[in-house]
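Worksheet for the structure shown next.
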Amino acid sequence: MAASVDLSLDNTYEDPSRRADLVLGGMTYGDITDNVAEIWEAGRPPTAWYIVFGIAVVLLGILGVCLLHLFFMGVGVWGNNNPVYWGFPIVNFVFWVGIGHAGTLISAILFLFRQNWRTSINRAAEAMTIFAVVCAGLFPGVHIGRIWVFYWLFPVPTEHLAMWPNFRSPLLWDVFAVGTYATVSLLFWYMGMVPDIATFRDRAKTKLQKIIYGVLSLGWTGSARAWHRYEMAYTILAALATPLVLSVHTIVSFDFAVSQLPGWHTTIFPPYFVAGAIFSGFAMVVTLLVPCRSLFKLERLITIRHLENMNKIIMATGLMVGTAYGIEFFIAWYGGVDYERFAFINRAFGNYGISYWIMVTCNVFIPQLFWIRWFRTNLVAMVIISIFVNIGMWFERFVILMSLTRDFLPSSWGNFYPSMIDILMLIGSFGLFFTLFCLFCRFLPIIAISEVKNVSPQTLHAHGHDHHEEHATAH
Amino acid sequence: MHSRRPGKITSPIVSLSTSYVRLIPLGLLIGAAGLGLAYFMSIPQGGLKRFSYSYLVTYCSLLSMSVGCLFFVTVQHLTRAGWSVTVRRIAEIFAMCLIPMFVLFLPILLPVMMQRDDVYQWVNPAWLAGDREMFREIKNAYLNPTWFAVRIVTYFVIWGMMAYSFFGKSLQQDKTADPQLSRKMQKSATWKMIILAATIVFASFDLEMSLSPRWFSTMFPVYFFAGGVMSAMAVLILTAALLQRSGRVTDEITVEHYHDLAKLTFGFIFFWGYIAFSQFMLIWYANLPEETFWYKFRMGDSASSGWIFWSLMLLFGHLLIPFLAMMARTVRRNKTYLLFATIFILCMHWVDHFWIIMPQLNITMGATDVSGSDPAANPLPFSWLIDVPCAIGLLGVYVAMFSAIAADRPLVPLHDPRLEEALNYRNA
Amino acid sequence: MAHSHKHEKPVETGPKSRLISLVAQFDDPHALVVACDRAREAGYKQFDAYSPFPVHGIDDAIGIRRTRLPFFVLAVALGACVFALFLQYYVNATDESPIFPGYKFFISGKPLFSLPANIPVTFEIIVLSSAFATFFGMWILNGLPRLANPLQRIPMFRRATNDKFFLVLEAKDDKFSENRSRQQLEEWGATAIEECHEDLTDQKIPAGLRRAGILLLFALLLPPALIYRVSGMTYRQPRLHVVPDMDWQDRYNPQTRGPNIGTPERPRPLFADGRAMRKPVPGTIARGDLTENDEYFRGYKTGTAPSESQSGPYAAIQDGMAAPETPPEPEWVDVFPEDITVDADFVKRGKQRFEIYCVACHGYDGNGEGLVNQRAVSLAATGDAAWTAAKSLHDPAVKSQPVGRIFDTISNGRATMGPYKDQIPVKDRWAIAAYVKALQKTGIKSPADLANDQGTATPAGN
């Protein structure tokens, strides 16, 4: 045992003959439960939590003030104007929706691909998805002008108006896609959390806790019959969420790509947007989980290997995005359409060229550092790189949007200048996001306890211990 | 509880054994007969041009399938997959077919080098007459015989080296049982994947998109890739099922592997549909003349051209029917059912390439109007006596190639460090 | 924990409490699976295992059959597909319905029902419905949510969601006997065994809570009820202006004075003529005002227009009811133009429009005896007014007119009859013309005929 301690704390080794342990330090089932539940049971959270939460609430307040100002003054308070009718709001919308995609990828797609390492990170990533979608929905939601008739977005029968939404409009597809995405993510997240809420219920001390967690856990007892249906439902939801996550960013890309604007009308947009979304989402997961892991002492559950895997995915999706940039440029040249060619040259060397190079640097060049193992496994380095990726992905949407400033007719050209409200609302949306995330860390299980137990060495070795001596000795 | 199997090969026969001695001449014979008949029947209908188009359809179907297998092998190493070890060798052999596939491309490449525009219209610069100077310069810079040949050779060199590297190391591991070889393959799979992606992108532009040199779509490489991987998954199931029916590798490839491969087939059917729909929808919706003509021709519904029938056949045969048919767990675990389903899917893969390539024959054979509004000049270029024998003939050659590469080599990796995991995997 | 335990104790040992199951604890999942295997082999049917995570292989050990949830979801998905396509077809491709009519409008030249553009929403609706079906279907099949479970009264059982594994043998099983079962459980490796007794505490929801719940349910109904109430109400007060600068925008309207771009002392208009906007290019036609087709818009054959413009009806009116001079006539069409399809619905529409616009003078039968006419004739008889009696549409002179001429009369008026082209859209005018032709065909019935009609109708009616 003593000799294998070192090995069991470093699980980033590459040995094709054995799978790395995903839970380190010989944790038992009880240890895993305690490790996660202690965050919630602790009398008061760490000081860092209060600091982050405090800042987030202040930023949320700024967002609230900006929104009130917007409601009373109208959308003119933004920098949106002819010819850039969609300014920061759509950039922020696409940015936040994209962030959300990593959560679904981890919880659904990696589940279907049987990537066991997802279990330690999927809960927090799914929570991130939901909060990111909340932030995303905010921007188009307040952009509709007369927000008090927002329900006209939905096909609500009106007896006297005889008015319906236009189902051939990509913007309406967005309403359905983002609405479905938010709902399904919420169902998936909650369903995954029920067994863990039941764990909290059974550990609850105060009457209030007992009532709240008792109601939320729906009377879950962990019966084998219930588990059977639960696992089936989980698989079905994963199978539904996988095409859903593709469709959501695809439909977001349709907002641009169905138009005829050079730089927007490109058929590769759907998969390219999806790859970019996952790219930015994973970066956000890394940004969130590395501090969480240290703060809540989860090093044995969220191991370096987990983080390294995520960094590899960031690198892979970054390369996909880079390839798509390349294909776009090639076809803009090969297609021989003057407007397309101009749009792309202008993108790199025109009025917003600087944002193009920020985007390329952050999205294509910087993630290449992950080829080096040190960057993949160093906590500080990976957080810095992931923040760069998020900056780069925000700029990617900005670059795409700035195609509007230079269209077919030079006489209709114009530049875009964000207003102070634009900038404050972008910052404020981070306040909303982090407020929700902090609350989640405080009151809900941030690691899928039951799923981690299922892939912990204790379970995996229990299955094979009587038939497979090698594993037993290695342990 | 189920007892674990040790990581040992237990099947009595794990190779083609001596059958390949019979399969090679048989495949070549079928090839000669099929291709000969196809060429003979083409003579009254446009000769080499007609034959080359038919040849290209089957060639591209097989090529994209082989590239799909190469992708499969690369991605299995990249993700350190354990379940797929027992079917990976078959994919490696299919990927190896890419080396002789270069020779099979010479009937298309040599005429291009000899400045014949039978297949690729752009070989003759006259197609640009009347275009703007800038447009001519761009198109001539990319689409010219020399540069085309250089690119094609590059693709095949890269694919060949990749396939050979995976196959060679894998065979070496059969002898040495060295787990470090797996590690090497995993490491190299990273940059190999990048190069593979780049070559697939440009190969799809060169082989199929440049048939209609004015048309362009950034999605096209993904479309080509999606169909290729789907067919690769299908052909792996089909090959495994046929091998097991003939009593080979009976113990190693279990129903779980069929189940997983069928799930992947299902996934890529859907992915293909997603890509095909996105490409179509964006072009249909924006309705720009420089793009939309490609689809407009394929949606022509006049009695004689009838491409809409082929388009609908793709919608139903390539997407909806296989999607519903591959959905249920029970069918994914039924070998006999999968045998028929994969044959159907592979036929649809061929139809897909027919639908991409053949309309160009219509356009270049007499039709002056690209929009296809002159039906009389556009007879549907499908012929039971040209396209079917040509497909069967080329398939025969392909089987011969497969047999020659497989020879008496093992059809499963004998000492892969993850063999035990693959043998014991059970789907939930 | 200990606190609640104390309260439970008397209930558990009370005389009425019945043993409902034996709860056995195991320390690792493997032991649980083995025990389940044994229980099934021993012939137990009513038992279940409880674990903090899904234990691999336990389904076979207990003999759980595969759930039918996927089929349920598939059925919902197919239904959602049909529903979504129907919704989009109904909403964007139809517009006639007694209630909640759809709304046809054309976007970028796409067909009203254009399948490619309807796929995204269809897909999302399918996914959303299937996800709901999965989520709720799973809970319903599992019999959850469940407010109280006697198992949860056993302190040991709390670790079922933490680190222990439980096998619960139900007392209602035929094979169950308290002592033997307990012995078996011990043989199978249970580390602890407890009895689970019937829960005899009052499980009813307190009356106050229930009343509050019912009230809450009703309160939830209020918003939709209020929305239903106000939808379709009309208001006399001006509506609330939430964003005033959207409602009263700072902008120039057509035909108004333009801005002064000079100083107040030396005013300089934006345009030389002082207007805010330019006049359209000569020959500009407003949308919907392109009326090139003579047959359809004017009722005469193309190219047969009279060379000089007709003296309009206004001239006749201003001339003090002088008999109109016969203007040069174009060649009227005697069949309906191509754009018109005359069918039962079209004539019905004509009848309805006729009864709105024409009956006041011409009467329901078209015999020229409408109420206005009757009154005007009676006034004219006293000499208080001048009136040219409305024409009977059954007058041979009218009956012989081609349909284009009737259309023209409706459009431009004749003699004292005013023009109706501004009130009635073109298509409706043709519809009225069609109805007039139909009226003329049936002719006027004499009072005797009418009496006969009624005579035949009366017995049946009574």
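Letters A, B and C mark the chains in the order given here, with residues in each chain numbered from 1 onward.
Here, a contact is a pair of C-beta atoms (placed from the backbone, for glycine too) under 8 Å apart; a residue touches a chain by one contact, two chains touch by 3 or more.
Keep in mind that what you see is a predicted model, and the values were worked out from it rather than measured.
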>> Just to be sure I understand: the centre of a chain is the mean of its C-alpha atoms, right? Then which chain's centre is nearest the mean of all of them?
In response: A
> So which chain is farthest from chain B, going by the mean of the CA atoms in each chain?
Replying inline: C
> What whole-number Å value describes the gap between the mean CA coordinates of chain B and chain C?
Replying inline: 48
> So what's the Cα centroid distance for chain A and chain B, whole Å?
Replying inline: 35
> What positions in chain C touch 2 or more of the other chains?
Replying inline: 30, 70, 108, 110, 117
> Do you know which chain B residues sit against two or more other chains?
Replying inline: 1, 281, 285
> So which bits of chain A are touching at least two other chains?
Replying inline: 231, 243, 254, 463
> Which bits of chain B are touching chain C when the two form their complex?
Replying inline: 1-2, 277, 280-281, 284-285, 287, 327, 329
> Given the complex with chain B, which residues does chain C contribute to the contact?
Replying inline: 30, 33-34, 57, 70, 74, 108-110, 116-117, 119
> Across the complex, what residues on chain C touch chain A?
Replying inline: 28-30, 36, 48-56, 58-59, 62, 64, 66-67, 69-70, 73, 87-88, 91-92, 95, 99-103, 105, 107-108, 110, 114, 117-118, 120-121, 123-125, 127-128, 130-132, 134-135, 137-139, 141-142, 144-149, 151-152, 157-163, 231-232, 242-243, 245-246
>> Quick check on the complex: what are the chain B residues that touch chain A?
In response: 1, 3-4, 79-80, 82-83, 134-135, 138-139, 142, 179, 182-183, 186, 190, 194, 197-198, 201, 205, 214, 216-222, 263, 270, 274-275, 278-279, 281-283, 285-286, 288, 290, 417-418, 421, 428
> Which of the residues in chain A end up touching chain C in this complex?
Replying inline: 28-30, 33, 71-74, 76, 145-146, 148, 155, 157-160, 162-170, 172-173, 176-177, 179-180, 183-184, 187-188, 191, 195, 198-199, 201-203, 215, 218-233, 236-237, 240-241, 243-244, 247, 251, 254, 449-451, 453-454, 458-459, 462-463
